[in-house]
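Chain nomenclature is as follows: A, B, C and D, assigned in order of appearance, with residue numbering initiated at 1 for each chain independently.
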C-alpha cells in the first residue's frame, strides 16, 4: 500500500461522505434522504478500513462494526418514523414537516 | 454647649414634631413651639453668659481631626442678632401656620429645620461645617416650596435648588482649597484668617464664596430664582425665604470675605459696588412693572439686598452698619408684606394687582398694616429701613458719590413701586376680588410683632448698633490692614 | 492486499453513490446503493479486511437493504410522482452542493497538519481473530453500548410502527 | 427725673407738642379703640388744638427772650460718631411752630364741621392722618437734629399722599397723591443727601453743629450742600420747575389743602431754607438761583392763577406764587422777611381755602370757580372772610397784613437786584388781579340759585366753622402789625426801602384790582376769558385737541389756565421714558421679562451648547441606536431562516461544520 493510494482512498472516503451529505441536504424525499445517509456512512467506513489496513490495526474494522450497528439502528428507527409520518404528512417531501418552526 | 443647643434644639424640635404629629397631628405645633422657645432660652443664656471681647462665646469640639474638621461655633453681636431673628421668625411662622391642615406636622418640622440650618450657618466657623449647613438649608426650603406651594411649585422649587446648589459649589470648592492649602489640613476659619492666604488665591477664593452668597442674597443677574420661589412658596415659606435665607447670604458676605480674604475683598469690592448699584436700580425698576404682588415684593427684596451688598462692599463703618441694619429691617418689613399678601391671597385667591383693590374700605386693619410696611419698604424715617439706608448712603458718600446718588435715586423709585403696590391693593374699588374679612387675631399677632420690631429698631436702634459694632469694626480694620 | 483494486472499487462506489443521490426513482436509488455497498465490500476485501467486507455484504446489502425494499414497496411509483420528484430534484440543489463542496475543501486540503502520522504504510491484512480479540477484549464496553443502542432502536421501531392513534400533535 | 437713663427736664415738655398730635393719630388710627362719632370729633379737636397749648407756653417764653434752645433727647453711637437726637426751640421754631399750631387748630376745628356726614371709619382716617401730618410738620419745625427734621419732613410727604388720595375711589385723587409723593420724594432725596453730607462734615447731627460745619465746609462741599438744600426746598415747596404736583393735589379734601398749602408742607421748603439760611447765604450763586427761581415762580404762579377755572387750582397756583416770594426773599438774603410773609400767608391762605371750601361745599359744580357765585347772598360771613383773605393776598395797602409783609420783602429785593424787584412787582399786580377776580365772581348773583338752597348752605354756619373763619379773617387783616416784631424777633434790622418803591408797591395791587375789574366788565376781555373757559372745559379730557383757531388773548388765557402744559411736558420727558423702560424690563411687547435675570440661564444654555456641540452627533450612541433599530429587521431575517425543515437545518449544520473545518484548517497555516 503506497502513500499515494492511501491518500487517494482517504479522499475517496471523504468524497463518499460528502456525496451522501449532499444527498441528505438536496433531496426532499425522505426515503432517498435515508439512502443518502447510508452513502454518507459508507464514507467513514471506508476511511476506517483504509486506516486499519494501513496500520495493520483491528481498531479500524472494529469501528466499521460500530458504524454498521449505528446504520442498522438508524435505518430501523428511520424507516419506522417514515412509516409513522406517512400517515400524517407527505412522505415524499420532508419540507412539509415544518411544525418545528412554530 | 449653648451654641450647639441653638442648632440642635430646633433640629430635634422638627424630629419630635414629626413623631408627635404621627400620634396626634395637633401636637406637632406645640412641640415645635416648645423647642423653638427653648432655643430662645438658650440664646438668652448665651447673652447672660457672654464673655467680654470679640466673641461672646465660642465652642470647639473635635469632629474628624484626621481631616482637619472640628465643630467650631462662635457667636458675636452679628450672629446673635441673626440667630435671634431666625428663632423669632421660626416661632412666628409656626404660629402663622397654626391651623394648617395639609401635612401640618411635616410643615412645622420643616420650619424648625429651616431655623436649625440657618442657625448653623450663622454660628459655624469651621468652613466644612459652614458649607454643610449652607447646603442643608436648601432642603427644608425646597420642601416648603415644593410641597406647600402654589401654582407651578415644582418648577419654582427646582429653579431655587439649581441656582443655589450650583452657587454652593463655589463655596465648597473654595473651602476645600483652603483646607488643603495650609501646612496641615485645617478648616478652622480663625486659623486660616491668622495664617493668611496668598493674595492672588484670595481673589479666586473670594469669588467662590461670593458666588454662593450673592446668589442667595440675591444680586442681579443671579436673582431669577427669587421671584419664582417667592411667588409659588406658601406664606410661611416666603417669610422664611425673605427673612432668613436671603439674610444668610448677606451674613456670609458680611462675615467671611473680610475675615478670610481681606486683600481679595480690597480688589473685588469695587466690582461688588457696581453690581450692587446696578441691582438696586434694576430691582426697583423691574418691581415697578409687576402685576403679581408677591413678585413685586420679591423684586423690592432684590433691590434692598443689593443695597446691602453696596453697604458691605463700601467697607466703611457707616455703610457696613447700615447693611447690618437693613438686614434686620428688611427681614421684618418683607416678611410682613409677604404675610399680608398671603393673607389677602388666602381670602380671595389672587395676588394680581389688577384685580385687587378697595382694601381700605372693607378691611381697615389690613390697610393700616399695609400702610405701615409699605412705608417701611420705601424707607420712611422712623422705620429701621430708613436708618439702614441712610447709613449706607452716608457710607457711600465717603466711598463714591456716584453710588450715593444711585441709592438716592432708588429711594425715589421705591416710591413708585411702593405706591403701586399700596394703592392697587388698598385704594380704589376692587376690580374682581373683594377682601371682606379683616385680619384675624392669629394674623394680627405676627403683624404687630413685626410692626413693633420695625418701629422699635427704627427709633431705638442702639441695641442693633451695639451688637453689630464688633463685627463692623473688625471688618473695617481687616480692610484697613489689607489696604496697601 | 491490493490497493489499486481497492481504489478502483472505491471509485465505482463513488460513482454509484452519486447516482444514488441523483435518481428520481427510489427503486433506482436503492439499486445504485446496492452497487455502492457491494463495490465498497470489494474494496474492503482488497484492503485485507475480509470480515468487514463480509459483514458489509451480509448485513448492509443483505439485511438493511432488505428492510428498505419492504418500505420502498409501499411507495407511490406512479409516473406523476416520479415527475414531481424530478421537478423537486431540478430545483434548489445549489446551496447543498455549495455547502458540500465547502465541507470537501478542508477535508481535501487538510493534510500534513502538525503531528500528522508520518509512519510508513504497512498494508497488512487484519484477521477476524484479531478483530474478535479486540472487540471482546478492551472494547467490550463499546460492544455493550452498541447492543444497548440496537435494543433501543428495536424498541423505538416497535413503538413507532405500532398501529393506533398517533401521539402528540399531528 | 430719670426714666430709662434719660434725664428728664422741664424742657422735655417740648416733646409734648408733636406728641399730642401723634397721640391723636394713634388713638384715631388704631382700630381696637371703638369710638363713636362724637368721640372721634372730640379726639380730633384735642389732637388738633392740643399742641397749641404747650406751644403757646414755649413760644411765649421765647418771644420774651427766654428760648429753650437745644433739648437733647437721646444719643446713638455709630462707630466713632454720635448721633444725638434733639429738639430745639429758637425764635424761628417758636414763630413757625406757633403759626403751624394756630393754623392746624383752626383747620381741624373747621374740619370737624366740614366733614360732617362722613362715614365713621373715613372720618377717623381723615383726622388721624391730619394729626400725623400736623405732628410731622411740628417735628420738622422743632427738630434740633437732622434725623428728626427729616423724619418730620418725610412724614409730611407720606401723609400728603394718603390725604390727597383720601377719596380712595377717585382715580384722579389717587393719581394726584402719587404724583405729589413721587415729586416730593425727589426733593426728599436732595434733602437727605444734603443732611448726610452735613453729617459727614460735622460728625454730628445736631443742627447747631451742622450749620456752622456746613458754613465752614471746604473742598467745594458747601455749594453742593447748599444746592441740594435748595433742591429739597424747591421740590417740597412746589417751586418752578417742580411745581406741577401742587395743582393736581387739589383732588384732596379742602381742609387738607388748607393745611397743606398754608403753614405746613408747601411752606416747609421755605422753613427749611430759613433754618439753613447761613449755609445758603454763604453761597451767592445758590442764592441767586434761588432768588431767580423764586421770582419766576412768583410771576408764573400769579399769571397761571389769574386764568384758572377752578377755585382750588387758583389757590394752588397762588400758593406756588406766594412761596415764590418767600424764596425770592430768602434768595436776596432776607429770610426774616420771608418768615414774616410765611406767617401772614399761612393765615390768609388757610382762610381763603376754608372760606372757599365753605362756600362751595355741597355745590353741584364742585370747586369750579363759578360755584362761588352768589356767595355774598348765601354765605355773607364766609364771603366776608374770603374777601378779607383775598384783600390780604392782593396786598391792599396798609389795611391788610399781606401788604406789610410783601413790602418788607420787596424792600429787601430792591436793595439787591432791581430787575427781580420789577418782576416781583409785576407778580404783585397779577396777584391782586386774580384775588380780586375771585372776589368779583363771588359777589356775582348766582343765576341758578333758588329759595331754600341758601338755607341749606347756611346750616353749616355753625360755631365750628365760623370761629376759625372769623379768627383768621381778622388775622389776615391785622397781621400786618406782626411783621415788624417778627423781623425784630429773628434778629433782622428792617431795611428802609426808598419811598419810591413803597409807593410803587402800594400802587401795584390797585392796578391789579383795576385789571380784575377790566377782565370782568370789558366785554372783549371777558368774552375771551369765557371762550378760553369753554375750550378748556371741552378739551379737558384731550388737551391736545384744538378745535378752532382762537385769538391771541384766548390762547394766552388757555395756555395759562393749563399751566403752560408743563405737566404734559414732564409726562413726555420723564414719565413716558420711565414707563417705557419699566415695560421693556418687564418684557412688554416683544422683549424678555427681567432680562438680567435671564442672563445666567442664557449663559448656562450657551455653555451647555458649546460643550455638547462637538459631541452632538454622538457616533457611539448612533451606532447603538442604529443597531437597536436594525435588530427588528435582523430578527425578521433570522426568523426566516427558521423554516422548521430538517433539510434546511441540516444545511445550516453542514455549513457550520464546514466553517469550523475551514477555521481549523486555516489555523494550521503558518
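Methods note: contacts are C-beta pairs under 8 Å (C-beta built on N, C-alpha and C of every residue); 3 or more make two chains touch, one makes a residue touch a chain.
What you see is a predicted model, and the numbers here were worked out from it, not measured in a lab.
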item	value
Intersection of the contact lists for chain A and chain D	C
Most central chain, Cα average position	B
Between chain C and chain D, centroid-to-centroid distance (C-alpha), Å	123
Chain B and chain D: spacing of chain centres that average the CA atoms, whole Å	34
Between chain A and chain B, centroid-to-centroid distance (C-alpha), Å	94
Centre-of-Cα separation between chain C and chain A, whole angstrom	5
Contacts with two or more other chains, residues of chain A listed in rising order	21, 25, 28, 99
Per-residue overlap in chain C, given as positions that touch at least 2 other chains	95-96, 99-100, 103, 107
Contacts with two or more other chains, residues of chain B listed in rising order	none
Contacting chain pairs - touch in the sense defined above	A-C, A-D, B-D, C-D
Residue numbers on chain C that touch chain D, as the complex places them	95-96, 99-100, 102-103, 105-107, 109-110, 113-114
Chain D-touching residues of chain A, taken from the complex the two chains share	21, 24-25, 28, 33, 94-95, 97-102
Contact footprint of chain B on chain D as seen in their complex	29-31, 76-80, 121, 125, 147, 150-151, 153-155, 158, 161-162, 165, 168-169, 171, 174, 177-178, 181-182, 185-186, 188-189, 192-193, 196-197, 199-200, 578, 581-583, 585-586, 588, 594, 596-601
Chain D - residues contacting chain C, complex	651, 654-655, 657-659, 661-662, 664-665, 668
Residue numbers on chain D that touch chain A, as the complex places them	642-647, 650-651, 654
